[in-house]
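The structure is given below, and queries will be raised subsequently.
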Amino acid sequence: MSAYKVTQEEVLAVSGVDPKKCMRCGKCSATCPAYDEMEYHPHEFVAMVEKGEIEKLAQSKSLYLCMTCMACIQRCPRQVEPAKLVEAVRAAVIRGKGATHLKPDALPDMLDPDLPQQAIVSAMRKYTR
Amino acid sequence: MPVTAANKEGWKPKIIAFCCNWCSYSGADLAGTNRLSYPAEVKIIRVPCSCRVNPLFILRAFQRGADGVILCGCHPGDCHYSTGNYHTRRRMTLLFSLLDYLGVEKERTRVEWVSAAEGQRFVDVMNSFVAEVTALGENRRLGDLRCKEN
Amino acid sequence: MLGESERRPMSTIYSYFPGCTLKNKARELDAQARGCARLLGIELEEIPEWQCCGGVYPLTTDEIAFRLSSVRALAEAARRGQKLVTVCSACHNVIKQVDHDMKAGAAIAEKANNYLAAEGVAYHGETQVIHYLELLRDEVGFDELKRRVVKPLAGQKVGAYYGCLLLRPSHVMAMDSAENPTIIENLLATLGADPVVYAQRNECCGGYLTLEDKSVPAKRARAILENARAQGAQTVVTACPLCFYNLKKQEEGTGVQVKYFTELLAEALGLDAKEGE
Amino acid sequence: MQKIGVFVCWCGSNIAATVDVKAVAEAARSVPGVVFSADYQYMCSQAGQTMITDAIREYGLTGVVVCSCSPRMHEATFRKAVQKVGLNPYMLEVANIREQCSWVHKDMAVGTEKAIMLMKAAVAKVQLNAPLEAGKSPVTKRALVIGGGIAGMQAALDIADAGYDVDIVEKNPSIGGKMAQLDKTFPTLDCSSCIVTPKMVEVGQHERIHIYSYSEIEEVKGFVGNFDVTIRRKARYVDETKCTGCGACMEKCPMKKVPNEFNQGLDTRSCIYIPFAQAVPKVATIDPNYCLKLNKGACGICSKVCAAGAINYEAKDELVTEKYGAIVAATGFEVIDVSKYDEYAYTQSPDVVTSLEYERLMNAAGPTGGHLKRPSDGKEPKTIVFVQCVGSRECCDPGKGELRGGKPYCSKVCCMYTAKHAMLTKDHYPDTDIYVFYIDVRTPGKNFDEFYRRAVEQYGVHYIKGAVGKVTPEGGKLKVQASDLILNEQLHIDADMVVLAAAIEPSPTARHLATMLTASMDTNDFFTEAHPKLRPVESPTAGVFLAGMCQGPKDIPETVAQAGAAAAKAIGLLAKNELVGNPCVAHSDEWMCNGCSQCETVCPYGAITYVDKEFKMPDRTVKIRRVAQVNEAVCQGCGACTVTCPSGAMDLKGFTNKEIMAEVDALCR
């Protein structure tokens, strides 16, 4: 399944986002708490999906840095909802490649006694099939 | 091209739209100016105010073979004549329920408010109205067979 | 809301969705919430055989399976004719957004109901989902709550930490203004504390990223606590176990204590520690 | 039998590209009653009109149908043309085959078929048309200007200078509007007060202008040339004719903690107040919300210190009714409430201000005497962040997000005033660091882009393409988190002040006024023009003209230009001795009328009265019957009465029952 290519149509359909509504203001990237760690930033997700450059996004670790805080969704003046694009690319990669970003085997090393279950289920939902 | 069977492939309804001169007719003009398209089945009749539309006109339209009739006026509170559209709203509520009782489905009649600035809204309204009437097919009630050309 | 209060005698029983974390690492949150509810004459009936909400709302439009556990809980509450109360911010966010999907997203609602038809479940948005904070504000009423306070938290300077999930997206959550919320501040004032407003109260704590990478949550949590401290807060309260965890990790050296809001509520209402268990 | 001519316009390719105009003209020939048809490139041109008039003469046409653009566009043109050769103008109908046909359809066959039907409907109507004569009504030679800002003042001055009396109704205690609050104006940086206050004085002293300050419109009746307007003069508790504006009352008033509107609430004023030193009229007003005497019966100091004896605590609102021939709406704007945009911490820190507040902070007559001091601690700010487009250019779909009062349009003036603020700040405090976060810098206007470039190149203002995501007040600073889209970075700036370019919205009073005027508004509550290109200062409601921001965002010179244009239109109306009315009015068939009075109750204009009239009956007796009569000068032709009439006596000329039914029949074929 490694030949699987995530297409623009799939991302647009799955996200329900219309990137053409974006006016390039940069509010999403101004508000993003994970900005510094990301390779591609929220406003680039919007622009690149619109342009059809999905493959670069699909390869990027930025997919796994979005914390679904929904700040960009809340504050976007054009109601574009960039986080939904991040999610759609991530979902497409994980479904298509059959791969998981997070291996259940690796989990025990990540846990500490206080870590709430919520963190684990959230990460499993986000990162695995 | 007369079509007798409803829902026939390519069948197109006959739709009469009464538009008030000040808001909706201008809204329809604006749709044209912006090149927004809606089905050609919609034929507009200009009236000074939606309250000029006598229930007889609507009955006449159905008698003569219309499949749907829509009235468009200014938004409540914005009537050029202050209160005309309130009369329309009350009259048509009565008329439409009477028509429904007579078997002319509620979807075939409508009152909508479209302002002079709402070209897009005019188009959206017409698209949805035409779609609804098309789905219902030909109107068989009230039609006067003598009015059919063949 | 007069209409709501008139019906109160009928609806003092609520369906309750605790969520997985409240049954495990955040037991005190569950216990305090139930205990305080009991003191206020409210019965929280735990939904039988509830399933984990999944922790985070699926932002994609075609994930149906991830939404089903929420729909089951919503349908159960609907069957009982009760409002559905949650305490954990994450559960609340997921269930409230799924409820919105079932009301507004025709395609999602149809597919979800198709799945659940085999179980004899059907849901069309009948249930009202409220957070425990809304229960206090809208059902009990802060005026009534104030009368029940036995030990006012006088002199305590407390900052509310909303995080993301209670508020966003605000047109769905409909609890409070996304940028200028007041519900926790008003609760704190009701309990006799001095609420401290600070800007970072609705910025992300780093969330589940903490599993893979501790650096981002550490940075975020420090910024939040330092801002709270600088604006004068001694304590910061949250409704979310994950926020609690991320903030707690950075508590040291900031001079701010991190607590669940229910801890202060329990204290003010005089809930015996044992009673809470 | 009518002899009808049908004329089909190509409108260049506007119609001809989608409608087979030859086929329409051809089809017309087989319609009963049509004796002539033709097509032409531009029917509205001189040659096209001549073609129509020639045909009328040659074929003795009794009716004309023009298939062309919307009747709202050229119906008047064609009616005038046919009138020249003696045909009654109401014997002409326009079939709208452009806006409602060729422009909305793409397929030639479909377009042509519809155009033919529209043509046939128009012919069917003309068959039944009757010649109509318009009534005439006199014009009241007096204008009303609503709003006393720069737009209203300019319009009033221009109308008054032309020799007509003008009343200005201003809701605030003084005229002057927003311009009186501004510090400098772009792109010339000349002082706003220095140019607006002489205008205010001119208005105040003009012998033909009367100012109703602290007053609002209560009711509007009538129609073009003959408006009856009721004005509510709110009780100001000070006799305007006695007050000398000395200010002794303000000094002695013990209630000094009232937020000062003129300074955007940045400082306080006394309860009895003159809003600012140059106010016109310069008379005091008591704020009834704060006055101790009015609310608690205590105090009464102002009355004691007033040497002129102008104070009257017993004053009540007064209603005044005046007649006007023309009305200019100049209700202006407000800036939106930014408290819901609290990611900028506007409610959390006094150092986060709107641009209008910043304007007052820079103004020599403002709360800080023109020294730029930040509100929290009075220190001079060293780093200032300007945020553009706060609430402008937003998508406002309630299903997709919380509505925060944002607007879908560009507020137009923010880019320029922000450049002005930046430069003025740098002029006075050169070592200030200024950041401007923008989406686009929009500077179309004479010397506008040069002005903005000066801010960048000469003054070193940091213009950053990006947005501010969060402002965190902490430790006396404002921590600004923002994006720089050119460098692809997230920025963190420790600022001393943040200035928000809040979106502009029409005055909230405008909506109610528009309803009273029956003037239409767009979805943003801006007044709509009669035509966006060709009639930009007229409302679709005859006799109502538009000036300034109430029609859409614009800067001062545009506002003044529009006010002058609105005044010219009003003067053109007032210069007429009588107006030719609309002949399409209601008419009652007295023989059919049963005297039920239903029409009288639905008429919004009171145009229908009942009279007892003698009728000679067929049996030669005389009978007195009560019947409806329509006052044609007052009737506006809505047709409400025609539908409500149970006996079918009432009909509307130009839109008769038979005419409309004929159209229905034609379109249902």
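Per-chain residue numbering starts at 1, and chain names A, B, C and D are given in the order in which the chains are listed.
Here is the rule we go by: a contact is a pair of C-beta atoms (placed from the backbone, for glycine too) under 8 Å apart; a residue touches a chain by one contact, two chains touch by 3 or more.
These figures come from a predicted structure and were not determined experimentally.
Colleague: Go through A-D and B-D and name the pair with more C-beta contacts between its chains.
Modeller: Looking at contacts between chains, B-D has the larger number.
Colleague: So how far apart, in whole Å, are chain A and chain B when each is placed at the average of its C-alpha atoms?
Modeller: Chain centres of chain A and chain B, defined by C-alpha means, are spaced 47 Å apart.
Colleague: List the centre-to-centre spacing of chain B and chain D in whole Å, with centres computed as mean CA coordinates.
Modeller: 30
Colleague: Among all residues of chain A, which ones touch two or more of the remaining chains?
Modeller: Within chain A, the residues that touch at least two other chains are 71, 73-74, 81.
Colleague: Would you please write down the residue numbers of chain D that are in contact with two or more other chains?
Modeller: Residues 343, 400-402, 470 of chain D each touch two or more of the other chains.
Colleague: Using the touch definition from the top, which residues of chain B touch two or more other chains?
Modeller: Touching at least two other chains: none.
Colleague: Chain pairs in touch?
Modeller: Chain pairs that touch: A-C, A-D, B-D, C-D.
Colleague: Which stretch or stretches of chain D touch chain C in the complex?
Modeller: 339-343, 345, 347-348, 398-403, 470-475
Colleague: Note which residues of chain C are touching chain D in the complex, please.
Modeller: Per the touch definition, chain C meets chain D at residues 104, 169-171, 177-180, 197-200, 203, 223, 226-227, 230-231.
Colleague: Given the complex with chain B, which residues does chain D contribute to the contact?
Modeller: Residues of chain D touching chain B: 70-72, 96, 98-101, 103-106, 110-111, 113-114, 117-118, 121, 514-515, 518, 520-523, 528, 540-541, 584, 602, 604, 636-640, 642-644, 652, 655, 657, 660-661, 663-665, 667-669.
Colleague: Spell out the part of chain C that touches chain A in their complex, as residue ranges.
Modeller: Against chain A, the touching part of chain C is residues 19-21, 24-26, 52, 54-63, 66, 88, 90, 164, 167-170, 178, 203-204, 206-213, 215-216, 220, 240-242, 244-245, 248.
Colleague: Flag every residue of chain A that touches chain C in the complex, lowest number first.
Modeller: Interface residues on the chain A side: 13-16, 33-34, 37, 64-65, 67-71, 73-74, 81, 83-84, 87-88, 91, 102, 110, 114-123, 125-126.
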